[in-house]
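Both complexes below contain chain A, partnered by chain B and then by chain C.
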Partner chain A sequence: MRPVVGADAAPGRQRLRLAKFWYRYSQNKASIVGLVAVVLIIALTVLAPYVTPYPEHAGVYVNFGEAFQPPSAAHWFGTDEVGRDIFTRTIFGYRFSLLLAVVVLGIGVPLGVLLGLVAGYYGGWVESAIMKVTDIVLSLPALAMALAVSAVLGSDLGHSMLALAAIWWTWHARLVHGMVRSLKNEEYVEAAKVMGAGDAHIMFREILPNCIPAILVKTALDAAFVTELGAGLSFLGLGVRPPTPALGTMVATGAGYLPAHWWMAVFPSLAILLLIFGLNWFADGLRDVLDVDL
Partner chain B sequence: MRYLTHVFRRTGNALIVLVGLSIVIFLISRVLPGDPARMALGPYATEEQVRHLRSEMGLDRPLVVQYVRYVSNLLRGDFGKSLVSERNVRLDLEAHLPATAELIVVTTLWIVLLGIPLGALSAVKKDTWIDHAIKAFTFTAVVTPGFIVGIAFQLLFGYGLDWLPVTGRLSPGVLPPERVTGFLLVDSALARDWPLFRDALIHILLPSLALSFAGMGQTIRITRSSMLDVENRDFIQVVRSYGVPERLVMFKYMLKPAFIPTLQVIGLTFASLFGNAFLIENVFSWPGMAKYGVTALLKKDLNALIGVVLVIGTAFLVVNLVVDVLMGFLDPRLRLKGAAR
Partner chain C sequence: MKRFAFLTAALLLLFALSGAAPAKNVVTMSLNQEIGTIDPAKVTDWTEAMVMVNLYDSLVTPDAKGEIQGLIAKSWTVSPDGKVYTFHLNKGVKFHDGREVTAEDVVFSMERVLALKSGYSWLWADLVAETKAVDKYTVTFRLNKPFAPFLSTLPWLAVVNKAAILEHKKPGNFGQYGDYGQDWLLKADAGSGAYTFKSWTRGNEIVFAKFDGYFKGWRKGAIDEVRAKEVYNDATIIAEMKTGALTIADHYRALETYSALAKMKGVAIKKALSGEAFYLKINTRKAPTDNVHVRRAINYAFDYDAFLQQIDPGAEQARGPIPATIPGFDPTTPQFKRDVKKAREELAKSGLKPDDLTINFCYVQGFALEEKLALLFQANLAEVGLKVVLQPETWGRITDIAAKVETTPHVTAVFSAANYPDADNYLYTAYHSDAVGTWMSMEWLKNPEIDKLIETGRVTVDPKARQKIYSELQHKIVELAPDVFIYSLPKRYAMQTWLKGFEFVPVMSFEYDFHKMWVEK
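On to the complex of A and B.
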């Protein structure tokens, strides 16, 4: 039988469970900082047109009279080479990072989990074939692969996402495959088989629920990693087309104006770090709560 | 005998993956972009010209035939012509590979020479402020993108303190040494040209250190955790109770077994080194293969890009194979595990 998780829907119990989760999560100060950072960034990104001082600077906007202004009360992060407000563009730049993470993981994780489940559960040639392909894809640096795909298909946001998703499933396939191989010998799987459960039932209702915590933690860590890769891609000039702001592109442009106009590279870099550190700390907290060892 | 079987099995595995890699790349290059003949000739060529080039390139033959031809060309060193430099991609790769290889070798030196001692120190000083400081550094090093580390280094050591140059392999106007290996450090040392050696050294310091951060962090982590793993084993208790000096226990009996997982991690970080080199070479205007690859990418130079990806993939596989074989040598259990499976 399936281990009963949270089946008791009594509201009091539920609240107690949540309180326990929060207690475990809040044991680590860094996890709280991470959660705050991530929530803040998501909120700012969603509300970008309303909370940024110069939303029109995220699009086509040129005002050379205001170019290269150092940080001030009017422009917290200064202005860039054509006079756009860098604070505004940084907040809008997060949109690219978050969209990339959501789409890449939204495609890559379910695909990898499914293939890992099938490979681990059926074994035999299916397993060999899937895991061999996984090995091959993993044998290439993700960035180089993304570059190759972008090169062939042309570089825009859709292709960058496709390229990263085409690589990403491998990590989850490997993770789930490893877990399924040991889980499929558990007694409750045997029991389900004896009771005449079909393959699909065993895979999705018996085995998968036990893999979910590890997959969640891995996905949170992945979000940080995708953010890093996305920043790298846009740093090389791939991903979004100007004038749409992307943090990596802003850093690359700013690096050309070092050291005189240091703020152009420094603030977008710090923005990237805030998101990556935040996601990592959040993932650590999640790991504590779900008690996973990755 | 067992060991030889292990080596053969691993080599066979690597070869299978390599063949798979070549198939993937072949498919990407032949199937995805549509018509290579049309791409080579441009949009203004006539239908007649395209058909002619198609049969010349063998594109009208079955895919399997094309693949065999493609691989035999690769084996003969024919990577096809670069659209940008208009010569065999192999020549371009030979020109750019040494700069990247030198950067990566020096980076790996940092990872080993700094990562393992720091990890051991962290384990020995467990739960002291030294351990906490090293842990904080490790976390920062692992998650910070390499190009941000590079820019921070440029700002701090280059522009701020003015200690080190921030771009290129040599100072402007300095002629490179006679090419023997293509590694400037090695070639200038062979020529006994010490001022040149110094120039090459100060130029490679910042990029290699910036590139080493992620791998160094992982090496510190694994060294620390595997040393602590060993600490509680019986044989360490035995050695300690014999009265063997603590220093000897640490560095002989604990560090040695800890070295096996460390070696594996160092092998794995090699892939990320090649990936991150793309970004670091861009930051420091390092004239290496990644820079060549990015140029190829922006110019849509398919043959050049395939060459870069193939070289990176092959290098990664070879390093992993060497690591596997070494590990089997260091840890006999691994050979047996492979045989049992």
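On to the complex of A and C.
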């Protein structure tokens, strides 16, 4: 039995439910670590110009005299090949990762949910048309697609985002489609129909709220995936233009200076790792709380 | 059974290694890329050229200064109109099968490369009207038009053994010549070079053996066997240089690799200024860089010293479009030096508003040296009020966008090496109006006065008159500031100190001529 969300609204009960949520979430240590990591990273990223020691190093800046400095009190993560502070650039580099996740999922998820909902609810030729297209798009590997789009249109952040969003909706379309197909036979849907509710009301007010927990968990997991893809893209040189920092680009550049200047590749790699693990553990906790089976 | 075979092989190997025979002088070098072909008529890149230089001889060869010296040819004359070149051959030059090299073979070699339309044939395709054997040791080339750099192109004409090729020809599209021996020349050589072909495992290793009958003879300590193998990982290079498994590390390794090797005992680093010019090509047909003041401002703003001291230490700033190692270079050509004040003055003279002063800078994505340069360039130009948008692209895409003036970026970083050691090679391909539309000519200069001078230089045979034209060209081009002339790439080679006689030659792969080297242990 899935919890029915959105039906009750008494403030006292809501507080009680939040406490219950938190209790269930905090049962898993990893989930807490994940939450802390994600919140910390978001906060650092938003406040980057104020919390980093050398914000000018994220922009047009070179100082060859300071190049290849190992980690020290002045430069926690050392400096890169043109003398920029790697700690500063790592924090600013998160901006690209998070922006990519927000934009790709911000476009992909609503689109996928809408299509899945329509396909599952109406059935018939609408369903087969939408799901056939979904299957076709699903067969395209995201990274290859992003590379192809960049090759044709030029490597640019906007193009990479579009390419990923153009693929990402399919996962949500499939997920929602499956759920709607079973939910539309539930008694409360029948009841709403009997009471004369329109299609839009049934789809968005009766069925959709019951899909939201699953969508949320999937979205949180996706955020980790998109971040990883974003790192992959920037590792291959797509995405942001230098000198704007991106974690993948920093790893790619740093790899050329291994092993002597190990800090150039290691710290940005760890930063990617932290974000991906954080998002994954956060999504795990969310899954426990919302009791979703994906 | 298998194990037995393995054991036997291992024992044999051990025996071979500890062998009782007098030790052979073996030299092993690394290659950073595959060898595509060993047919001398199909050579295009440095690994193929390295094979050609050792297995084949040409009429002439470039020396350490890039000047042309005789090899198979003993002497030559040029007709007063510059259209007929006559070569007198050395007697007693032997092909690897013992036949003597004759004028017939030279004629056949030219006809073969022109018929196959491959490799360096483009140098001669519209130029050579007729190649004729006057007698056994005299050959003439008649040209359609005078072309002063002709002699400099001839090191690329490897002389092949006509009789041997015809013996091994297979049916093909070339009438009486069948397939022109193309099939056979993938597994054998037909040359008279200092080394003979021994084996080639595609994608791995090629082995040459000393040709005892070489007409120039051999010195004491000559190298008996050369092994050139593909090594892609710089860590492997370092490890094998340390154990001595590798004698020479080629010139395409990371700077950091050479620094690591320099610290190794028994390893020497050789450095040479190559003829490979590194310029920032400025699109002179697109606003705002169509304005000569903006181009001069860029030239004044760039910090040459930072590049030459911090990014690639040890080289000198270029003077104009022709590298100092190339005949025709004029040492009085003026240079821009960093001067922020002058840069600002030039920008003021341009009459452009600050909003118009955004330019894009294109370079090869992931190429560490160019990436550092791009960041430096961006910071330098920001200082004088020019906003630079960086545009890293793959090399393939750069060659595409160079085709149209609209898609050519405002500034593009390009390395270009000479095909033949002559000033013309750098000027015609970059600045002549007929040559626009390639990555070599991203300046889109199209200046009638420059065109005229380049054309005159090509047909002027008298060396003094020719030098005057090229001096004038170099001064005029710097005046127009169509490039930021940075430097000629310093090439680095690492080798075991017991290898002697290595000498840099400013033409692709001619420094890897193992006949000039010897071993002193």
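A few points about this structure:
Criterion: the second predicted complex is superposed on the first by the 283 of 294 C-alpha atoms of A that agree within 3 Å, B and C clash if a C-alpha of one lies under 4 Å from a C-alpha of the other, contacts with A are read in each partner's own complex, and residues count from 1 in each chain.
The rule is short, and it goes like this: a residue touches a chain if its C-beta (ideal position, glycine included) is under 8 Å from a C-beta of that chain, and two chains touch if they have at least 3 such contacts.
Computed from a predicted structure; not experimentally measured.
Applying the stated contact rule after C-alpha superposition, one finds that A:257 touches chain C and leaves chain B untouched. Comparing chain B with chain C, the partner in contact with more residues of chain A is B. Applying the stated contact rule after C-alpha superposition, one finds that A:191 touches neither chain B nor chain C.
In the superposed model, A:60 makes contact with chain C only, not with chain B. In the superposition on chain A, contact of A:237 is made with both chain B and chain C. In the overlay built on the shared chain, the residue A:51 is in contact with neither chain B nor chain C.
In the superposed model, A:82 lies in contact with chain C only, and not with chain B. When both complexes are aligned on chain A by C-alpha atoms, chain A residues 151, 155, 237, 252 touch chain B in the first and chain C in the second.
On chain A, the positions that touch chain C within their shared complex are 60-62, 64, 67, 81-82, 151, 155, 237, 241-243, 252-253, 256-257, 260.
Of all residues in chain A, those touching chain B in their complex are 132-133, 135-137, 139-145, 147-153, 155, 224, 228, 231-232, 235-238, 251-252, 255, 258-259, 262, 265-266, 269, 272-273, 276-277, 280.
Residues 16-17, 20-21, 24-25, 28-29, 32-33, 139, 143-145, 147-148, 151-152, 154-155, 159-160, 271-272, 274-276, 278-279, 282-283, 293-294, 296-298, 300, 302, 305-306, 308-309, 312-313, 316-317, 320 of chain B are the ones that touch chain A when the two sit in their complex. Per the touch definition, chain C reaches chain A in the complex via residues 254, 256, 260, 306, 309-311, 365-366, 368, 371-372, 374-376, 378-379, 382, 388-393, 397.
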